[in-house]
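Presented below are the structures under discussion, each in the form of structure tokens.
Look for chain A in each of the two complexes below; its partner is chain B in the first and chain C in the second.
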Partner chain A sequence: MNRVELTRVPLIKTALRSRWPQLILRVIALAGFLLAILAGISGTPVGSRNFGIVFVWIGWWALLMLVAVPLFGRGWCSVCPIPMPGEWLQQGALLKPQGRGLGLGKRWPNKLRNIWLQNGAFVLVALFSTVILTSPLTSALVLTAFLVIAIAASLVFERRAFCRYLCPVGGFIGLYSQVAPVELRVIDTSVCASHTEKTCYAGSAEGYGCPWQVFPPGLVKNTYCGTCMECLRTCPHDNLAINLRPFGTDLNNPTGRKMDEAFKAFIMLGSAVVYSAVMLGPWGFLKSAAYHIGSVQWLVYAAGFLTFLFLLLPGLFYAAVALGQTLGGKKAKPTGKAASRSRLFGTHRQAFTGFAYSLVPLGLAAWIAFSVSFVFANISYLWPVLSDPMGWGWNLLGTASLSWTPYLTQAVPTLQALILLGGLLWASRTSLRIADQQPAQPTAITRPLLQALPIIAFCAAVTFGLLGLLIA
Partner chain B sequence: MHEVLPLNAEHSTRWILIGLALGLLLAIFLVRSFGSGQAIEVHAKMPEQGGWTPSDLAATAGQPLHLRLTSDDVLHGFAIGQSDQPPVDVEPGKMTELTLNFDQPGKYTYYCTRWCGPNHWRMRGTIEVQPDLNKPGAAASQSSQPEAEPLFIQMGVDIDGQPHTDRIPPDRPNARRGQALDTSLPEKYLAEEYYRTHSPVEVWESLRNEAFTQSYSDQQVWDLVAWIWRQGTSPAKLADGQMLFAQNCAACHGEMGAGDGVMAEAVAAEYASSGHGPAGPIDFTDPHRNLATSPVIQQGKIIRGGMGTGMPYWGPIFTEEQIWALVDYLWTFQFEY
Partner chain C sequence: MKMLPSSLMNKHWKWGIFILLALTILLLPLPAQSAQASEKYIQIQASSYEYNPGVVRVKPGERVTLELTSTDVTHGIYIDGYNLEVIAEPGQTQTLSFVADQTGTFRLRCSVTCGALHPFMTGKLQVGTNALLWKSIAIAALGIAVVIWTVRT
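Up next, the complex of A and B:
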């Protein structure tokens, strides 16, 4: 296994097991989050001058998409301030477990133990994003709603139900965290097998049972591990590690591929395309339709957006998968027409879900390339806003009068092209690996290259579409 | 002793968190309430969204009025009518500090100087300046200078008629050609009140009947009219008028006065159904209407506005000289100087 166990370094281990560094980061993040809400409510309604817009949608987003997700996976989740107030109430403490908290502690409903709600929440935010991302008041109300829903979820359900099943951001961070070069894993599962208390899931005096409702010894993917470090604190055998690993390791693991995650991949890829078209494309009518929420044009835009995410993209992808299966797979022996059809569909469905994971690197590259386009252009809005968060004429740090300057304008298109083409290469490689893993039937002669070829063509079409939107 | 420590840590953390949240709230509340000191914060928004807030300000003569101006949407400008105070820009999300001093009590109008939208001209507010009662004689000074009524009111001119003439010159009247005729015009034609109160067509008819014009062609008489108009103004006044026109009128009336400015269509559409006046801004290049209009009617229109036509009232904004300079400039769309 080509892993480097980072937690072997005593300093790293101490820093991660201690509650203090994490707490300090979370308190700083909470202060920023509260200031963003307050600035949105009482500061200037001019987005480019309001901390709530600039800090969250340019500063935080840049940090998340360009650094945290690609390098640390769910690293942001481990310092996110949103669950803090609810968890404080639920656990009755901010540090180690002590006493009793409030809340009903109900189990999350079985039917909702998937990320469909997160998919829906993301699409809902995305449909209104033109206003959420530009109007400080709307943005503040959305952030407040996150906080209120997180508190309510903590009081009704056990553990971090909001993070795991509701947070619209957490859904895609989880999907893309499979790519990250770090992971939290058990060192030796046989140690866990003989450890009857299972303190990593049940909790102990040192920490809480996994807030993300994950059983750490069963971890094979980053997707639902919130890297909150509780298991590092609760394991009496010191059997958990943070490993450095090759990028994209989780994508090669065929276990646990599911339709809700597959659709998360379509939603993310599709919304990167739509955002690029709306925000950076040359079509005024599209921009205007996206901004005029509630108008007929907006309804048409919303219908188009949903059709693109849930029908067109998956439909085309399904066609590509089916073509690949026909070209490179062996058809099941026909035992009557209906049986063959259902069998065929069954196989395709499985292949569809499997191959959708090759869209993970493609989607991440699309989001990074899209983010690069506005982050470097607009990050300079951050300097005046840090000095004058409310737009009230303050100059706390002496940076209030720094004017807007786009950075690296010359380099950005090349950078975007490299990122998108890198994403395409990575997606192609992933699809070939997935093709290799498709369960072969006893008599089948599978040809992975032919199976993957239509998928690669699909990815190439999306990539060139994005190249056109972002760079041309 | 050692057992107590973790609990203390927990408690301190709780207090830090509560302090942080409340501290932020309190700090913002305090700054909001007292941060701007004596200054009054004035927010600018497009007129459709509310214009100036507050729109009515109060001040005392001789005492400074501190303003903090900011825009909540697009770029606006701030200026005070009939004053020498240079206009300042009001930028979104930025504070522009401004200190005003009023020597004389009275009601002043402040207005937006940037074309912020189709209803830009409606973006106005007032500053009520009270006499400083602690100063001896302050109250008296208020009424010491009763303002003269504008000419169109003194004369009781109807400024809402639809002037029209079919007697139009074959060629555009030219002041220099009129001057070249070297006619010694009777004094009455050169008196300021005379040409301000008559339309060019009336002056033309009057001149046509004079004995000294009998040898002139109709066009030559028109050239004389242009020469009379030219003598009523000066290059300096025309330059002032041109600047005022470009800043305040051209957006609707067009740079060349043809009633085709960038806002013309929007204004015409908005007021088409009101039933008042013509649909759309006046075309100053149309001789049928303008040669039948006297300068005093134009003065009245500018001061009072178009009553339901979208033409703003400029009375509280421009000084009398500025309005006459503007009227003088309007004639350059009919006459060649």
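Up next, the complex of A and C:
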């Protein structure tokens, strides 16, 4: 099935199974994270000269959006420092399980076993983002809050509850990890069927039961697998593999499509559009409205932002879905229970969540195109800051006085256009595939192409809007 | 086409055609936009964190002189693509002259750290028609047709 088992390579397997490479990366990441907090609090208040701002919001962001997410999916979660202190307390160990950890180990409430809290957390950060991205102190406080909430979650709940249900970054990494060309999967499910201990979920002396509360034998999508590699360590039958696979494989899989993830797709796509207008557009009044939190202008901006994310985009998309369903031949009206459940989204709820997954490649492309402009223009702020992280006049690497230079300014617009076009075509292809999966009504002929065409038109309209903002 | 072993090959040649066409569109020179030998003076006022006007339009080949004035703190303009820069202290107008010999849209960015939103202080220079935009739209239409063609056959 088009897979290359990377863990067949002994070196890769050993490196992933061993706890050391991961621990070293995590410790380095944690050191950088703590330094970013420290620099934010005690360093220069000028954002573009403060290590905390530049290292996190330009350096880390570039690495995450341009490399880690598109190529490694949740690879970042594997080395993320934020849950680390809490996890160590919870497990009472730095490496293999030993002794007892701290914490109440409560089950995460059933009602909250979805990503709505993550959706909310992301929107909350997004509403204040112009300040968080530019004020070192605010940025440091936000990062500290992440750390404190993650520790609290580890002490109250079992496993990595923060990552799975709260982290505002983890939500979109999970959504976009579906496109990544790597996956962690069970090799042979029949081996699992006869393995009663299920150590990959329960844990063993070799490692922890899945910290992400995922049942590895049931994995079909990357979304909630944090690639922490614990199951590689705990499976006594060596039945887990990291595979190389075609990009976007998970998008074609109809199982597990849900409304919370669909809205994550709208939130991310909408935010990319708003950020492109606010941060890269020529409109000063928008920038100042987004910056002056609490002012009337900001309230209007916030209301506009929320309306765009939660009403306008999903509303237009719903109209496209409804049009497609009408043209495509699906007419039957639901009755009874189904009718009351679909009150909110009319008769097309299932098609709506299904087609929303076409927005995954579209949204990822939008974020990459936005980030390319922002990152290449500003990454040169990183060199002086690495030499003088606290702004105390140091010159560790001899780069302290390098001045700001935007890179690749001639190539960036073409690059952005190609990325956006790639996203659009990929989204169109995904929507056609999803249309093929829509259940046929017994009496009606379904015409998948007609169902998909309005979705493709929606994606094209968003892409043209982004082209207008980013390269026109 | 009976020789082709699988539907995969079938799709590959369609994408091959698309990539060739897309590259042709992308690299195709547009009918030369008549170069103007005229001169153009544009006054730009910089204040935290915007340029006024935010979008500057000139004709290809024009000799452009930007007169930058700052109303609050020191601001600069860096023109993407042209890689030119001018800096103005408050109250002191500085000029930058150049020939608009590249067409398209180029970002103007403030080049002097001027405050919190400095990295977001941007404007635009538009020289002639934005070929990249129109070419992108053409490629998008073509691409969608190919996607439908490959998925539905």
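Observations, loosely collected:
In the analysis below, the second predicted complex is superposed on the first by the 457 of 472 C-alpha atoms of A that agree within 3 Å, B and C clash if a C-alpha of one lies under 4 Å from a C-alpha of the other, contacts with A are read in each partner's own complex, and residues count from 1 in each chain.
The working rule: a residue touches a chain if its C-beta (ideal position, glycine included) is under 8 Å from a C-beta of that chain, and two chains touch if they have at least 3 such contacts.
Quantities reported herein were computed from a predicted structural model and do not represent experimental measurements.
Of the two partner chains placed by superposition, only chain B is touched by A:95; chain C is not.
Of the two partner chains placed by the overlay, only chain B lies in contact with A:30; chain C stays clear of it. By the touch criterion defined above, A:38 lies against chain B but remains apart from chain C after alignment on the C-alpha atoms of chain A.
Judged by the touch definition given at the top, the superposed model places A:397 against neither chain B nor chain C.
Applying the stated contact rule after C-alpha superposition, one finds that A:48 touches each of chain B and chain C.
Here chain B and chain C are compared by how many residues of chain A each touches, and C touches more. When the two complexes are overlaid on their common chain A, residue A:112 makes contact with neither chain B nor chain C. When the two complexes are overlaid on their common chain A, residue A:299 makes contact with neither chain B nor chain C. According to the touch criterion, the shared surface of chain A, contacted by chain B in one complex and chain C in the other, consists of residues 46, 48-49.
The touching residues of chain A, counted against chain C in their complex, run 46-49, 130-131, 134-135, 278-285, 287-288, 291, 373-374, 377-378, 381, 404, 406, 409-410, 412-414, 417, 420-421, 424-425, 428-429, 432-433, 448-449, 456, 460, 463-464, 467-468, 471-472. Taken together, the chain B residues at the contact with chain A in this complex read 6-7, 9-10, 13-14, 16-17, 20-21, 24-25, 28, 31-32, 35-36, 68, 70-73, 92-95, 97.
The touching residues of chain C, counted against chain A in their complex, run 26, 47, 49-52, 54-55, 78, 80-81, 83, 104-107, 109, 111, 113, 116-124, 130, 132-133, 135-137, 139-140, 143-144, 146-148, 150-152.
Here chain A touches chain B in the complex through residues 23, 27, 30-31, 34-35, 38, 42, 44-46, 48-50, 84, 88, 93-96, 98, 390-394, going by the rule given at the top.
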